[in-house]
Structure formats: structure tokens, C-alpha cells
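For reference, the structures are reproduced in the following blocks.
Consider the two complexes below, in which subunit A is the common component and subunit B and subunit C are the respective partners.
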Partner chain A sequence: MPRQYPHEVIKHMHTFRDRLIAWISAASVLLITLLFLWLVLDIFFKGFAGLHWSFLTSAPLNAGRAGGIAPVIVSTLLILGVCMLVCVPAGLATAIHLSEYTVRNPAAARLIRRSLDTLAGVPSIVFGLFGASVFCDLLGLGYSILSGGLTLACMVLPFMIRAGEESLRSVPQEYRLGASALGFSQYSVLTGILIPVAMPGLSIGLILGIGRALAETAALIFTSGYVLRMPESLLDSGRTLSVHIYDLAMNVSGGEANGYTSALVLIAILVMINTGARILTQRIVHEVHI
Partner chain B sequence: MSLSLEHLQRLQTSPPAPLAPVMDTIIPKSTAHHDQSIAVNDVAVAYGGRTVIENINLSIRTRHITVLLGPSGCGKSSLLNCFNRMTDLIAHCSIRGSVLYRGEDIFQPDYDVRGLRKKIGMIFQRPNPFPFSIRRNIDLPLKEHGIANRDERRHILETVLQSVGLWPEVRDRLESPALQLSGGQQQRLCIARALALAPEVLLMDEPCSALDPMASSIIEELIIRLRGKYTIVLVTHNLFQAQRIADDVGLFWLREGRGSLVEFGDKEQIFSHSTHELTRSYINGICG
Partner chain C sequence: MSRSSADLALRRLTLVCALSVACILGLITVFLTLASLPAFTDIGIVAFVRDLAWYPRENMFNLVPMIAGSLIVTAIALLMATPLGIAAAIFLSYYAQGFVGASFQRLVELLTGIPSVVFGFWGLVAIVPLLAAWHAPGASVLAAALVLALMILPTIILMSHTAITAVPESYRHAAAALSLDRFAMIFHIVLPAAFSGIITAVLLALGRAIGETMVVLMVAGNVVKLPSSVFDPVRTLTANIALEMAYARDDHRAALFFSGLLLLALVTLLVFIGERFSSVRPEHATAISPRSDQTHAHFP
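Up next, the complex of A and B:
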């Protein structure tokens, strides 16, 4: 029957397109997984040979070609600690303000949001220059872990605020109304309902923020420097793992082996921190059932 | 402490207090001050300058069911939201006139709103249990209002779940997610959650309209069982529901884009003896 012909074709096209889409998405998943595996295995095989306990606990020798990375690990954790100590409370507070307290002034909120989005897209080297002039020079903190951590905080904050705000705003309005109608104070609505319900989103924001901070090099070279000594206080200079890897790869001939091992350590730290953050938030969200 | 005792007393008073209607006839309305729970005087509600309802005068009788009836969009919810000051949460919402609860103007600047909302519970159109366990849904508001004793909370939990008929259905799974319950069960949990605070008044905004007929009739029976123990103000656009459960009825209508109260009175007057033309045609199914 000629009349059914076009219909048949469309039907056929549908199933063909459907299959094509399924095929393409499966292929890209496979591709990405393979790339990622390759990356991890590459680092693993090139870096694992150098990974001994002493590598983690001893000081570097000969500009990092030999010895370990103990001071680098300590500096990394200190800089990340300073950054998160600022980011978590300030980020959460600002996110709460933006999502809960700007109902009556949406124009201002929109302006703040747009500024934050712009800031989040500013290249990190610009934050590095800003940090160098404000924290190092103006506030007199010099090349230090404190300057580096605060600069990283400036860089990561816009991103964490927006992530936090989005997850708070995605909590359905009916929970707020329900809790308020039961006589909850605003504080209790926040701590009892909104934050627990938004916690999965908040923790993803935190984990991605930590990832950004750990990956950063450009902003830190200007602010926390690249001294290889073990830091004695937050006002000492110190280099992070990312900076160390960069330095071994670019400036130190014969440093590749230790560079790979350091990269392996960096990945391990990232995985550990993420797992820790996830366990911590899961404990808080334990009672939430979406 | 006082909360749960008061609460138990209330729940243990057996079905509809037969005294209430009798008292009505003995005591003239004007002198029976506590017979009147909420008084609405010349109230108007506007959103950002657009008045959606005005000239509202009515009084809600204690421990009766007052139904606010009318087609959608005529401002029933807006009026209901005034009674526990939920209007505070709505941006650009302004109210004129006064609402008295037990003789006190609730819109005074220093009025204790949290206390008000503890005494005036609210049930929403869409069931809104928190995404926590069934137990936590009741526990959270109790903790919020200072009941620190676990045994006491457990006791209230069982009592209120019993009183909404949910206890046999959920007693074995109090720790499971409230959102796993069916819509009707969720709505009953919300009613239990409100009852846990031992309120005097329950505001219900179309509590059945998001439910299937079966669940809806269970909720309706529950509301009828609560008559005489709580003052209930129920919003509905369902004439038949109003006829089944109302003691007093307020009929709302849209006139020139604004909601207004056409007639307010007891069930008899509105459904049988109304002289108001609009009311009569609405009741006889001619309009609406």
C-alpha cells in the first residue's frame, strides 16, 4: 500500500536514530573511560616504582630529582586547609543569603550572581596577580602559605557559592512553608531541613572546589612561592604538589620520575579527601531520604 | 510538658463534644467571647498592589468546621494564609484590616508568630512531609518546640499517628522514608505532624484535592472525627464536600476580578435558607 510507505520510513528512521544515539553515547562513555584509565595507568606505572614510604617522609634532594616530598605534602595540606577554612563558612553563608534572603530584592541577587559567575570564569593567573598585590604586598604576608591559601580561597569561593546556592534553591519551597507553618524559626528551617536536604549538592560543590584548589599552580607561584623547605609556620613559603610537579616537568632535567610519583601521590590525596568528604556528608544526610 | 498533657486531654475527649452546639443556643454570641476563635475584620489582601480579595468580615467558631467555599482564584487561600501569618513569607503580599485570634490582633508588630503557628496548624494542598523518616517528621517539630524527652516524643508520635489512623499502617516502619507513603498516607502524616503540637486550630487548604477519591474520603472522615476537638478552617472548591462536613460556610466569588465574600453563615442558612441569589444559584448548580 503506497500510503503506508512514508509512515514505514519514518518508523524505520526512528528506530535507526534511536539506535544511533544509544550507540554514540555508549561509544563516548567507553572512550572517556579508556582515556581516563590510560591517564591513571600511565601515572601509576611511571610513578609507582619511586613510591616508597621514605618518599613521603623525607625531604627532597637535588631540586627534587632525588629524595622525597614531605615538605611539599605538608605545604599542600596547609594551603588547602587555609583555603577551605575560609571557603566553607563564607561560601555557605553567602549561598544561604543568596538563596534564602534575597526574595524581596531579586535585582540585587541577580547582579551578585552574575558577578560571581564572571569571577568564577576569571583565569587563575589573574587571581595570582591580585593575591600577590593584596595579600603579599599590601597586607604584608609575603610569599607564604597564608597568602597562597587566601588567594586560592578567592578563586574557589565564587564557584562554591554558586554551587551551594543552586543546591539550596533546589530544595522544594513546600518544605520551607511546611516547616514555617509548624512554627520553626528561620535558623531551624535552615539547619533542620534545608542544609540536610541540600547536603548532597553542597558536598559535590565542596569536592569540586577541593579539586580546583589542589590542581592550581598559576595562582600559587606568585603568592605562596616555590620554596622546598619544610614550612615552620603559615607565614613561610611553601610549594604545593601541583607546583612541584610543574617544576619537575618543566625546569628540572631528570625530574620526570619523581614528577610522576608526585602526581600519583596527588591523585591519592584527592581520592582520600573526596572519600572523606563523602563519608562525612553521608553521615550528616543519613536521615534524609529523597 | 504542658504541651503533651494538654494534647492528651484533647485527644482523649471522646468524639464530637455534644456541648458545643447546645452552648450556642444558650449563650448569646456576643457575650461568648471564647466561642469565637478567629475574627476577621474588613480584611483585604494584595500582592504587589493588586488587591485580590477585600471587605472580608467573618468569625470562626471554636471547635467547629468552617468551610471557605468558592471557585478557584477568588482568594480563599490568600485569606487562609492570613490566619497563621504565612503571608509573611510571600513576597510583596500586604494585608489591610485586622485578624484577631482569641481577641488579639495577630498582625501587631511584636506578635509571637512562632507561638501563633504552634497553636494554629496548617495542612497544605499537596502533602508535604519532610524527606526524612516518618518518625523524624513528627520528632523535628516537637524538638523545635522544646520537647527534649525521647519517651515523651515517642508517646506523642504514637498518639497522633493513632488519631489519624496511620499507626496500624506504619508502626513497623517508623524509620522508613515518609515519601514512600502513598499520597493519602502522606497527607494523614502531615495532619498528625500538625496535631503533635497540640494546636487549637487547623487550617486546611484543599487537603483532598491532590488525592484520589478513596484517599480523599478517608481524609474527609478524619476531618469529621476531629470536629469538636479542634477549630477547623477548610478551603475547598467542592460544593459537595462542603455540604458533607461544614458547620459554617463562607461563599466566595469573583466580582470584577476581585474576590469577595458573598455570604457567611451556618450550614442551614447557606444551604437551605439563603436569600442570596448568587448563593442559591451556586447551590442549585446553576453557576460555578
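Up next, the complex of A and C:
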């Protein structure tokens, strides 16, 4: 739908106070833009200076002050892998339940949704406490990639479920009715029609979930820990890129330069992820309009 | 419709998954409460406000400076971000022409994706030294509030913008027909009509700000003391957990879990209040907005 700004369609009187709010709102936009450009450009230029291919592939030296971030990238990918291994099946199944099976029992569905909505607002440090007491202590996993990934999974699930549910719901009801008229079982409707049709939407959910997991720091500090070595198993501690940035800034004096570069790498990954999601969204909107 | 055993298995499997996911919130509450039980039995709730100070090693657990720290930093951040965010949303809705509006919106959307640790990092290396040059020590209530305000601004801008554009076109036509000026249209018609959406945005931002850990941990200075001015360093509840969790034992650990429980209760309360206000469904909501259970899509 093309946006219509009212000033294009409606002629208003223009008084002094009209000009005043126009100036005030334009000034706030200018202020916000300048502050944000400062942040983005500061990190871009100071981070770009240290960005070489070897930064991504070499081991850190001197607690991260020099050298690269290879083990950090490996740990990040492992934690992300654990998180997604839990999130994708559990999230998809829950999304299917919420979009396809809730008619008979709306009260239960309401309860599940409310629980997920609240979960989405829980501060990440609280997830960290939960992960530390359940995965690290109770299950005896200690500070490990496994504990961190599982904690992240709890955090990311509500967002992925909501995205999955939305995309399954947007599959036209006629598809289900048609399949049902042809005598398809629910299982084949799901695997043969619903999931393939909803695939772009489901991928957006996955992509955004990955972005959210990558951005997380507070929940990981005392679940996956700080260790900067190359992890040898899932039970080793390892730090993600976000935790690395935090550590370089707070605990390593002189780690600023590498901190900037790591921040740039993290932002670049996230921008790519968000752009991918945006392109997918536009494709869906486009298809629907055809 | 055929009812094969695969269908039944599918249905049961998804139900089990949905129920276990729904249990996470309950599990969090249970485990946080269990872990903070010694706080109720050994320390006692009154100790958290009555003890002389926060000296966990000497069994003194006064949480008041941290609670105050969280509230003060959040309040200042919100006071800065709300008017600025609403003004920017008004600009986006009524004044931005084509390219300018689109680029500003893209910039703000880009910023919703920037992780809090990057905001914290930037605050620490760029803002804190500047503030320190003006008024030592730099890492302070003001620094934390500034960076936090910047972090929650995109949420407020995008959600308020959605709420404002959701106001029916006919309201604005009526305003024009009455020959109201644009000021009157915005302040007496559009903003009141979009009120519930804007309040939801502000509550969501409030929840994010009070639960935010990394930014305050990195720029607030982390001194356990009631701040006497905005230039004083301060420690928030969240930063306190992040700083001491690694070595906390026994009662100290329980006290930290208790502060986690406090945060959880606070944020849940905010979600509840938010539900009262939310009647519009914002598209850009970063947290999930509640929806009705009128299912239109399901297996026949």
C-alpha cells in the first residue's frame, strides 16, 4: 500500500505553533541522526583499521590485545549451533501447534501465548541466572558451550515461534481445505504444503533468531564463560564475539583497537542477517501482491 | 479426513513441544525462587533494605543503592528518549518527504539491530572520556542514561510511528474540515488517538531499559553508593548480578538470585500493564504483542 502523507492530500492552516513543532521535530531527528551516525561511523572507521583477513583466522595474542579472533568465531558458531539445534525443531513444532491445533482448546493456547509473550520480555541477565543454576549446576555442564547454547535457546524461542506461527497462519485456508478434500493426512498437508509454502517466513524467523542470539552477551557471561582458547568439545568454555567485545573493553587495558574491530565484525554480520531477512520479506510481500 | 497414526503422533508431538516451551517461564520462576530461598530464610527480606551496606562477605546485603540505581538510570533514560522519540515519530509521519523519511527510517531500523554490548562499548570508549573531560569521573548515571536512551530510542520511534499511522485517515480529514492547524491536529487529535500505542512503546522501552545489563555495566561506573548527582557513578541490579555472580557463594549467591527474581517480577508487571494499554498491534514491536485467540487458520 503506498503511504499517503496527509500533507499531500490535505491543506492545513499554518500557524506559528505549526512551524514551531515542525522545527522541533526536525531538530530531534537531526540530533538522533547525528548521534547514530557518530556511533556507526566511529565503529566503522576505528574498526576498519584493524580489519584484515588474518584477524578472522588467527589466534588471539596477549589476552586479545593483539592477534585475531579465530577461537572466538569457532565458539560463537558452536554456541549458535547448539542453540539452533534446540530452537528449530522445538520452535517449529510449537508454531505448528499454535497455528493449526489451537481451535479445540483456545484456553490452553492463550496460556501458551501469554507465557511466551512474558518470556520475550524477561531480561537476558535473568536467563543467565536460570542457565547458571539449571544447566551449569543442576545438570553439571559447568561453564560450557552446551550450557550457553541451551540458555540462548530458551531466550530466542519465543521470537522464533511467533515468526513461525505468523508465517504458517498466512498460508491461505483454501490450501488446507483443498488438501483435506483430496483426502491428505494432516502429516502430508504439513510436510507437503504448509511448510513449503510458509518456508520464506520460517526462514525469516530463523534468521532473526540467529541475529538475536549473536547480539546476546549478559546471558552468556556466566553460562558459557570467558575462556579464549580454541574449544575442543562442547563441554569446554568458550566466549562469543559479544562477550569478547565486553571483555576487551572492560577487563583488558589496551584492548580497545581489537575491540573496535570485533564490534565491526559483529555489526557487519548482523547487518547482513537483517538485510537477508528484509529481502526475504520483500519477496513474500511481492508474491502475495501477484 | 483420514486419521492415521502419524497424524495422532504429530498432534501429540507438537502439543508436547508447545507445553514444554510454555513451561520455560514457570521453570525460570521456580529455579530462581529455589535458588533465592536462603535469601528469605537466612537473610530475611528486611535485611535487603535494613542492612548497613552491601558487604556480602560480612553478611550485609543492602540492595537499596542498586534498586535506586536501576530506577534512576532508567527514569532519566526514559525522560530523554520519550519526547525525542515521539518528536521523531511525528516527523516521520507528517513532515518527512520521500527520501529523507525513508533514509531516517532505514537508519533507525539499522539501529534496532545493534547489540547492547556495542552500545556499551561505544559508550565506554567515546562518551565516558568526553564526560570525564567535562566532569570527572565520566562513568556515571548520566553516561549510562545517555547511552541507554540512545539504545531504546529506535523502539520508541518505530512503534510510535506505527501507532500514529494507524490513526484513521478520516480523523485528519475531519481536522482539516474544521480548519484546525496542524499543531491542534497532532496534539489534540492524533496523539490522543494513538495514545495506547505510544504508551505500549514506552512501556516496552522501559522494560528493556530496566533489564538492560551490558550498557549500564560498561558505562555506569559500578560503585555501590546512592548517587548524589548525575555525575556520580552508580551500580544497577543487573550490573551487580553480572559483576558478582562468578564468585558468589551461599547467601551472597542467594541474594543475587533474589535480585534476579525482583527484576523478573518487575518486568512481568510491566508486560501486564502493557496488555491493558495495547489495543493497536504494532508491526515493529521488538517484543511480541499479545493477540486475540480467534484462530482463522487451522486444519479443517
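Assume the second predicted complex is superposed on the first by the 224 of 290 C-alpha atoms of A that agree within 3 Å, B and C clash if a C-alpha of one lies under 4 Å from a C-alpha of the other, contacts with A are read in each partner's own complex, and residues count from 1 in each chain.
Throughout what follows, contacts are C-beta pairs under 8 Å (C-beta built on N, C-alpha and C of every residue); 3 or more make two chains touch, one makes a residue touch a chain.
Here the structure is a predicted model, which means the values were calculated and not measured.
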Worksheet entry | Partner chain in contact with A:229 - subunit B first, subunit C second, else both or neither | neither
Discussion item. Between subunit B and subunit C, whom does A:52 touch in the aligned arrangement: first, second, both, or neither?
Written reply: neither
Item to complete: Once the structures are superposed on A, label A:197 by its partner contacts, choosing first (subunit B), second (subunit C), both or neither.
Response: first
Worksheet item: Does subunit C touch more residues of subunit A than subunit B does, or is it the other way round?
Response: C
Worksheet item: Between subunit B (first) and subunit C (second), which does A:103 come into contact with in this model arrangement: first, second, both, or neither?
Response: both
Worksheet item: A:283 contacts which: subunit B (first), subunit C (second), both, neither?
Response: neither
Discussion item. For A:174 in the superposed arrangement: first (subunit B), second (subunit C), both or neither?
Written reply: first
Discussion item. Contacts for A:183 in the overlay, against subunit B (first) and subunit C (second): which applies, first, second, both or neither?
Written reply: both
Discussion item. Per the definitions at the top, what is the overlap between the subunit A residues touching subunit B and those touching subunit C?
Written reply: 103, 176-177, 180, 183, 185
Worksheet item: If you look only at subunit A, which of its residues touch subunit B in the complex?
Response: 103-104, 172, 174-185, 188, 192-193, 196-197, 287-290
Practice prompt. Flag every residue of subunit C that touches subunit A in the complex, lowest number first.
Written response: 1-2, 4, 6-7, 10-11, 13-28, 31-32, 34-35, 83-84, 87-88, 90-97, 104, 107-111, 113-122, 124-126, 150, 153, 157, 165, 169, 172-173, 175-176, 179-183, 185-186, 204, 207, 210-214, 217-218, 238, 241-242, 245-246, 256-257, 260, 263-264, 267-268, 270-271, 287-291, 293, 295-300
Worksheet entry | Residues of subunit A defined as touching subunit C within the complex | 3-7, 10-15, 17-18, 20-22, 24-26, 28-29, 31-33, 35-40, 42-43, 89-91, 93-94, 96-103, 106, 109-130, 132-134, 138, 154, 157-159, 161-162, 168-171, 173, 176-177, 180, 183, 185-187, 189-190, 211, 214-218, 221-222, 242-243, 245-246, 249-250, 256, 259-260, 263, 266-267, 270-271, 273-274
Response to the item:
As the complex stands, subunit B meets subunit A at residues 84, 86, 89, 91-92, 113-118, 121-122, 124, 126, 128-133, 136, 140-141, 144-145, 176-180, 190, 193-194, 197
